[in-house]
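Paired with chain B in one complex and with chain C in the other, chain A is shared by the two complexes that follow.
Moving on to the complex of A and B:
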């Protein structure tokens, strides 16, 4: 009898969870579906969920009209570039804080976290003017620099929490076995550090891809990544629902896929290791 | 080895911030270059007495508090639900998490055009289907609409973190309380909620950092309007400096934004410091 009640309960909970899950996901589903409709069907009344003539023409048109691929590659270059540059700067810092902690280490980490709380508008004007005067405005390299600095605290924190978990004893053991510094780095430390570095890379590519303050304010036509390109649909192009949907679907698809792989790291990375 | 990262961050903090402070005391407009007279406190006076500032301050607070309420309460309920035995739990988790990965400009435009548009939006269609007049969300309730959009983006984040925290609960303790006759509500308030308090603190801290600087969602939906109905501090400073080219006034606004964020940050760091030590 108890068994029967718990099965019934599981059915109820499952139905409820699926209904809520699909409701939350629905705007994304609707965008993907609309991207395969014609413009007329996209605003048809009553709207149809699946029963329409599926077409790919919107994807072709978005590319033709606005050189979509250029914005896509801007996004790839900016998000990957800023993440890799950030990692190169942060790895030594996080490494030394994790393995050679000084008295000030905790203060420095807290201070780094506090820089994240500086609202970007507080430095918008100087950055804008410096970029204008040095020709960095609307360039990919300019955005790579800014996003590297914006995400540096998160990268350092994340790496620190991963590196801290590598036991120091393992190094002593390797040394006892006669490992030289080089062997130590290549055969002992690197394999243990790589999962943490990979998770940090993944999460920061996602954050940089979706960053929408600096990318909107520091780019125009040339270096605009997808965030800024999609913003150009705000009016009146946004009324072309099918094309807006096609452009949006292509913009979010890579990150949705990456994001699903990074669920666990996401929690840890965004909470600075406070929740695991 | 530590120095490059720290030095870069220091430079990133101090150089532009000093420049903003300096600009905030100048009469400096990009439209009339060359005239950079000392302005004393007049930019601050102008900014603080501007009625737009109080509208923006209120909107900023409403936006942060509104989104926090929806996401923390909704996220807790969602986490409790997803923690139950469910068929296809992995898939439901993915569905719930997805909005967090959508870039702000996309989610704002999709909601604005395909759902909230009073002519062709799905909400308008649903209203007409049941015989109601379509409601023009972004014209008549701009701030509430933006809160809804932003909450949709952040609900998955809160739910995921709270779910992770729930899964680390001591099951034996739960079973023991059940045997002792504790009902679901007393179990929630005396066992689950205290266990979640740290995760909830973290969620509030991190979301507040991001929510104080909401920008893209406002830019592509309402441009801060109608009037100042959906302008927050971030958007107001942006409009002052990059739309009206008033570097002096915009800088004063930027410094005020920094001060406000610091007040919030002190509270939050203290809260989190307490919670993290334990």
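Moving on to the complex of A and C:
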């Protein structure tokens, strides 16, 4: 009896999981399908899901009009650069807060998170002026810096919660064996925290890849990543849905593929603790 | 000989490097629409004539572009050498001294050939601050077959009463045919633009000569009630979410009897590749109400040069090329007359070849009948037909548009929407110091 209930429950949960999964994925699927339609078919009512004349003309036009690879390489450099720089700052910060907490550590953590509550547009003009005066407008290094700062609170928090689960005794034992601070972080803490660091890294890459406010506002022609590439295909006057869908598909494809191959690590890092 | 070859190769390489270093790079911010995209494809003509100038394009969606170029020009960021801006920005930015005057464009540019209404909208205190790339007004696009079926004939210059009668007669909701499709989506460039232009023909205005908002007058009440009643009787469902593109999609798929919107739409609805009704479309002037003003607007996407650019001469060369008579001829030669950017030059409309384009005459008449300095029946202290050229307008009109959209959706009454529009506009105008 117990087994029957368990099987039924399993089926229900599986169906529910599929429904939720398909619901979440549907907008992406719709975008991909629309990218293979003509503009007339893209606005047809009722819309056709699969029964239409499949065409690659939108991809051809997007390729002809835009330099996809320049935007792509900017996205790769900006997202990887900001992730590496962010981790270099966040790992020691999270270590100190997890293993050597001070009286105000909790307040500092809250303060860090509170910076995420500020609407970015509120600081656009000051940051724009700083970038203008330092020559960082429309540069990849400028975006690496700003995206590092934007995502730093989240990755520090993630690593902090992860490190906190590592028993302090392990580090103490390492110290008793003569490990210095550097050895402790590099040879003891980091190997134990690799799943957590990996999931933080992946999440930060995804956040940086998708970031659209700063990447649109601080770039012009040279450092514009794929977000600007997508924005160039939206139009208030004229049909553009099919071409915009093709541009969006090209922009999300790399991160979708990365997410697909790393989903195991991502889920493991986000759901399991360090020592489980 | 070997040495000579090496020396020659070295010299050639140096020349190439020097040319690359010498070439001035212009960064041009532009919107994503058919005419602008076409221009990007034709820039080989410009670079062939100006090998010392390289062009780099930043194409963005209109609202993002507006935000980007406004931030850049207000902070003197210097990211762009040429900017695509509209007739709303030009008077404001020109007054601020943010744009270079284009009065010194060469005689060959022939400024006097620009359509007077368009040129007037881009001129501040006698200085031309932007060169029009294409101009547009609004007009009625209608289905000739449905009009005939309804037993009516569209006049060249219809009244609102005729439009209402025809819309109701053409509506066949069982077959998803709606007599009229009008903008309902909230936004200063969406329903607020359409309703402001419509209100002009009902004798309404945004402000009196003392900048006092006028939404509490009968003219606005008549405008909004007429619009809501008409849309409820003959408009498509969910009209409060429909902007230009949604109505374009409805019209192209044969679901609208009439559509009153930008003249630029004429080329879309008559394009057989995208439109199912391409051969059944007629055009007429925007309607009036017998008060001497029609409900059409005036807009021009124009090229302007920010005052802080280090490359003013090269930028002027580009603006001259892109908005010249020669460019119009180039587009006609490569893409056909129907694809020539409309609404900027008198000579284009005098060209017998262009006169054959079905919407050419109506576009010109629509543009000529709009007067940005005297947009409505009573005098106003502002410039602009479907907008008020003050910096606060975008924010205020978007909020007013939300009220009108809510009234169309039925969540508030027309009277409530107008009362809210009056109080929020008064509040913002007081805050900005126009009234006490």
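The rule is simple: the second predicted complex is superposed on the first by the 185 of 276 C-alpha atoms of A that agree within 3 Å, B and C clash if a C-alpha of one lies under 4 Å from a C-alpha of the other, contacts with A are read in each partner's own complex, and residues count from 1 in each chain.
Keep in mind that, in the parts below, a residue touches a chain if its C-beta (ideal position, glycine included) is under 8 Å from a C-beta of that chain, and two chains touch if they have at least 3 such contacts.
Treat the numbers as computed from the prediction; the structure is a model and nothing was measured.
Legend: residue contacts after superposition of the two complexes on their common chain; A:221 is shown touching chain C, with no touch to chain B.
Legend: residue contacts after superposition of the two complexes on their common chain; A:183 is shown touching neither chain B nor chain C. In the superposition on chain A, contact of A:57 is made with neither chain B nor chain C.
Legend: residue contacts after superposition of the two complexes on their common chain; A:137 is shown touching chain C, with no touch to chain B.
By the touch criterion defined above, A:46 reaches chain B but does not reach chain C.
Contact comparison for chain A: of chain B and chain C, B touches the greater number of residues. Of the two partner chains, both chain B and chain C are touched by A:125. By the touch criterion defined above, A:65 lies against chain C but remains apart from chain B after alignment on the C-alpha atoms of chain A.
Legend: residue contacts after superposition of the two complexes on their common chain; A:152 is shown touching chain B, with no touch to chain C.
The interface of chain A with chain B overlaps its interface with chain C at residues 43, 45, 124-125, 128-129, 216-217, 228, 231, 233-234, 238-239. Residues of chain B that touch chain A in their complex: 1-2, 4-6, 8-9, 12-13, 15-17, 19-20, 23, 78, 81-82, 84-89, 91-107, 109-115, 120, 122, 125, 128-129, 152, 155-157, 160-161, 164-165, 168, 198-199, 202, 206, 209, 212-213, 215-216, 219-221, 233-234, 237-238, 241-242, 247, 250-251, 253-255, 257-258, 261-262, 264-265, 269, 272, 276.
Across the complex, chain A is touched by residues 27, 29, 31-34, 37, 40, 56-64, 67-68, 71, 75-80, 189, 243-245, 248-249, 252-253, 255, 262, 264-265, 268, 273-276 of chain C. The residues of chain A lying in touch with chain C in their complex are 38-40, 43-45, 65, 124-125, 128-129, 132, 137-138, 216-217, 220-221, 224, 228, 231-240. Chain contact summary for the complex, chain A toward chain B: residues 10, 13-14, 16-18, 20-22, 24-25, 27-28, 30-31, 34, 43, 45-47, 89-90, 92-93, 95-97, 108, 110, 112-130, 149, 152-153, 156, 206, 209-210, 212-213, 216-217, 226-228, 230-231, 233-234, 238-239, 241, 244-245, 248, 251-252, 255-256, 258-260, 263, 266-267, 270-272, 274-276.
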